[in-house]
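What follows is a structure written as structure tokens; I'll ask about it next.
Residue numbering begins at 1 within each chain, and the chains themselves are lettered A, B and C in the order written.
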Amino acid sequence: MDFVNAVVQGTLLGGLYALFAAGLSLIFGVMRLVNIAHGDLIVLAAYLGLTTTVALGVHPLVALVVVVPAMAGIGYVLQRCVLNHTLGDDILPPLLVTFGLSVIIQNALLEGYSADPQKMDAGALETASVALGPLSLGVLPLLTFAIAVAVIAGLQWTFYRTPLGRAFRATSDNQDIAQLMGLNKRHVFGLAMALALAVTAVAGILLGIRTSFDPSVGGGRLIFGFEAVIIGGLGNLWGTLVGGVILGVAQTVGATINPGWQLLAGHIAFLVILAVRPNGLFPRISA
Amino acid sequence: MPDAILKLSKLNAFYGDFQALYDVDLNVNEGEVLAIIGANGAGKTTLLRSISGLIGNDPAQVTFRGTSIGAERPDVVARMGLAMVPEGRQLFPSLSVEENLMIGGRVNRKGPWTLRKVYDLFPILEERKAQASTSLSGGQQQMVAIGRALMSNPELIMFDEISLGLAPVIIRDIYAALPGIVGGGMSAVIVEQDITKALAVSSRVYCLQEGRVSLEGKSGAVSRDDIARAYFGVE
Amino acid sequence: MSTDIRISRTSSAARVAAILGALIVVILIAAPWWAGRADMRLMGEIFLYLALASLWNLLAGYAGLVSVGQQAYVGFGGYMLFALTIFAGLPPLVAIALAGVLGALISIPVAALIFRLRGAYFAIGTWVMAEVFRLSFAQVSSLGGGSGTSLPTDIVRSMADGRSAREALSYWLALGAALVVVTAVYLLLRSRKGLALTAIRDNELASASLGIDIWRTKFLVYVVTSGLTAVVGALIFLQKLRISPDAAFSVNDWTAFVIFIVVIGGIGTIEGPIIGTIVFFLLRETLADLGTIYLMVLGLVAIVVMLKAPQGVWGFIRHRFDLQLFPLGYRVERSKDT
């Protein structure tokens, strides 16, 4: 029963990891950029949520109304002012610039909020649970998983059924010809980053409700998101959800065996998949 | 007196340190079909890329209806009414046939060309509209590329080597459709290596040789000898 | 009139630099006699960072393998030093050398796994491996588990008699490491293997078509670099006398700072890491009081350099003045005749 419970909890945890990963996957799909500061942006969103809930006295989920547009705006500006200038054939500039960004964000948060762990208070939501047979499922994890599915479905719909999505796919295919179609590629990339950070904002708020966070946890979130993407396969958002679930289950099962093994179990699952299926389980594009 | 819709004045183009075009002067008159011929590497594609904005030049080197566009971004140039059918088709692999056509229409310019009209011109595309664009044959891909350019209702459409890599019978069919495409006041520039085809459909012709204009004249009036000399640069 | 063409591998600037460099090295070796304790510690730290930076530069700037996980080997080397001296009773100097060998050995299975990833995904993969190392060593209770352990005093004492002798030894080891690494990198790049590396860096596809075995060359560079990084790691924690998983495998200390050094100094050049280390320590000594602000400034400088002057300080100087202090290329010189 412990084991089954662990699998269920791990699956729901996977939803959160899929949210960490979705933004990462989107950006890589559109502009082949891997943002090392991605995890720190998730943490930034959590802190913005914290400040919003404190300043406006609202529930963290309500804070989404403020944080999502704010992060989207930050994403657009970041892309147009900084990241667009790193795009090209060389992998070093985007890597090193986003690395520098990561250090700046972490230390800015340290300056602004101190290193003390923080947590957002979601009230009854945090402890509420529903019974499913012999199992007890937390409402928050269920909600997180549902939101993850909704977000991924939304992103898929955006990509494959809207003009914006067509613009993303065309620009990612062939920047030159896309421009001949009247697409301003700098603007398109800016919108892609805005969308990615909007998703990241959701991930950050849910993270901040679920556990305590401090400025240094960004790296860990990036790694979880990255592992979910690689396990699931590049270029496939639903695959990323599966990847997140596998990672979550590996972690919770590992924790059941020995609490200190939680993170290690996740990494080992990732390495096993990397060894056996280097392109992930459902790849659509190659790195 | 025909009006020049597009003027190139002393156009110079570089790839890094390498100069590909030297002081090119060229006019495209309203409503005409202009052919540009030349050997591989003569600078024909560079010319089109300069016009479309993919290569940046000095503003005054390229004027369209009196406006200097030499330094404009490609998407700005596209919105002004210049469309290109690129060399090698270059369809978007992630988009279906219909989506490729739709993205051509993104510029939202008014005009007769709609999805319906493109399908009427190339019925086979309607049959395959949901397929991945790159799963089509070469000739069909060329139709998609042409349709995609038409969807923007351009005033000037540029064809870059549309016969490249296609079977002769397909080439013949596409060129047969050309008058229907370029009717209604649209101006066209056709870049071709196939001189016969180029002369047959155009009213005027320029020849490029190693980045310079080596010949300019009426398509019906230039002699084979003139062309051979201009093409190969032999005196 | 005839002009003879001479092919030379050096230039007058390089010759001058070599003489100056030799002088500086002699002065540095003599430091225990003219420098104070604090200065020697600082210089030792500088030398070790220079070694780390040169190694990372070889990996990223030449082999094109951008790793943000080299802290795995720094920590591994440190832990091997502690384990081999405490459990196997080996003398520290032997332990340090052995740590390097073990570091190289363990990098083989690591490479086998992460070489399946490319580009930025490779980079994050190296970070994951470093995390695996960190979490694994945190499980080893005999080495202090999550809180770490100290190097027993009798082991420290066994290195040399008297504190000043030990400090001198520590200093010379650090200086030696820096000299060995920089010299090794220089000799490698001057050799045929090095030419292959530069070719790979400039154009992988072209060099592959020339028959250069890309995979094997990169693999070799990764293994050698990791082994040497482990040696430096052992030296670092020999100086610190205490080790813990968080300190040993710190991304900030052993990767972020190293990357900034290389980027600011000039990636893909031998002189770059030297300049970068000097700039880094200058910044640190003047700004460190500002704590987080200092780190933000560092990040900002790295971003600006990457966007505006991606060749770094040395790259800029080299381009502007056509200078090369470590003679690597081939120069065609005219020797004028009448």
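As a convention for this text, contacts are C-beta pairs under 8 Å (C-beta built on N, C-alpha and C of every residue); 3 or more make two chains touch, one makes a residue touch a chain.
These numbers were taken from a predicted model, which means no experiment stands behind them.
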item	value
Geometric centre: closest chain by C-alpha means	A
Centroid-based (C-alpha) most distant chain relative to chain A	B
Length of the line joining the C-alpha centres of chain B and chain C, rounded to whole Å	54
CA centroid of chain A to CA centroid of chain C, Å	33
Interchain centroid distance [CA atoms averaged], chain A/chain B, Å	44
Of chain A, residues touching chain B in the complex	163, 166-167, 169-170, 172-174, 176-185
Residue ranges of chain A in contact with chain C within the complex	33-34, 36, 82, 85-86, 91-97, 99-104, 106-108, 110-111, 219, 222-223, 226-227, 230, 260-261, 263-264, 267-268, 270-271, 274-275, 278, 287
Sites on chain C touched by chain A in the complex	60, 66, 68, 113-114, 116-121, 123-125, 127-128, 131-132, 135-136, 138-139, 251-252, 256, 259-260, 263, 267, 292-293, 295-296, 298-300, 302-303, 306-307, 310
Interface residues, chain B side, partner chain A - complex	52-54, 73-75, 78-79, 83-84, 86, 90, 92-95, 99, 102-104, 106-108, 148, 152
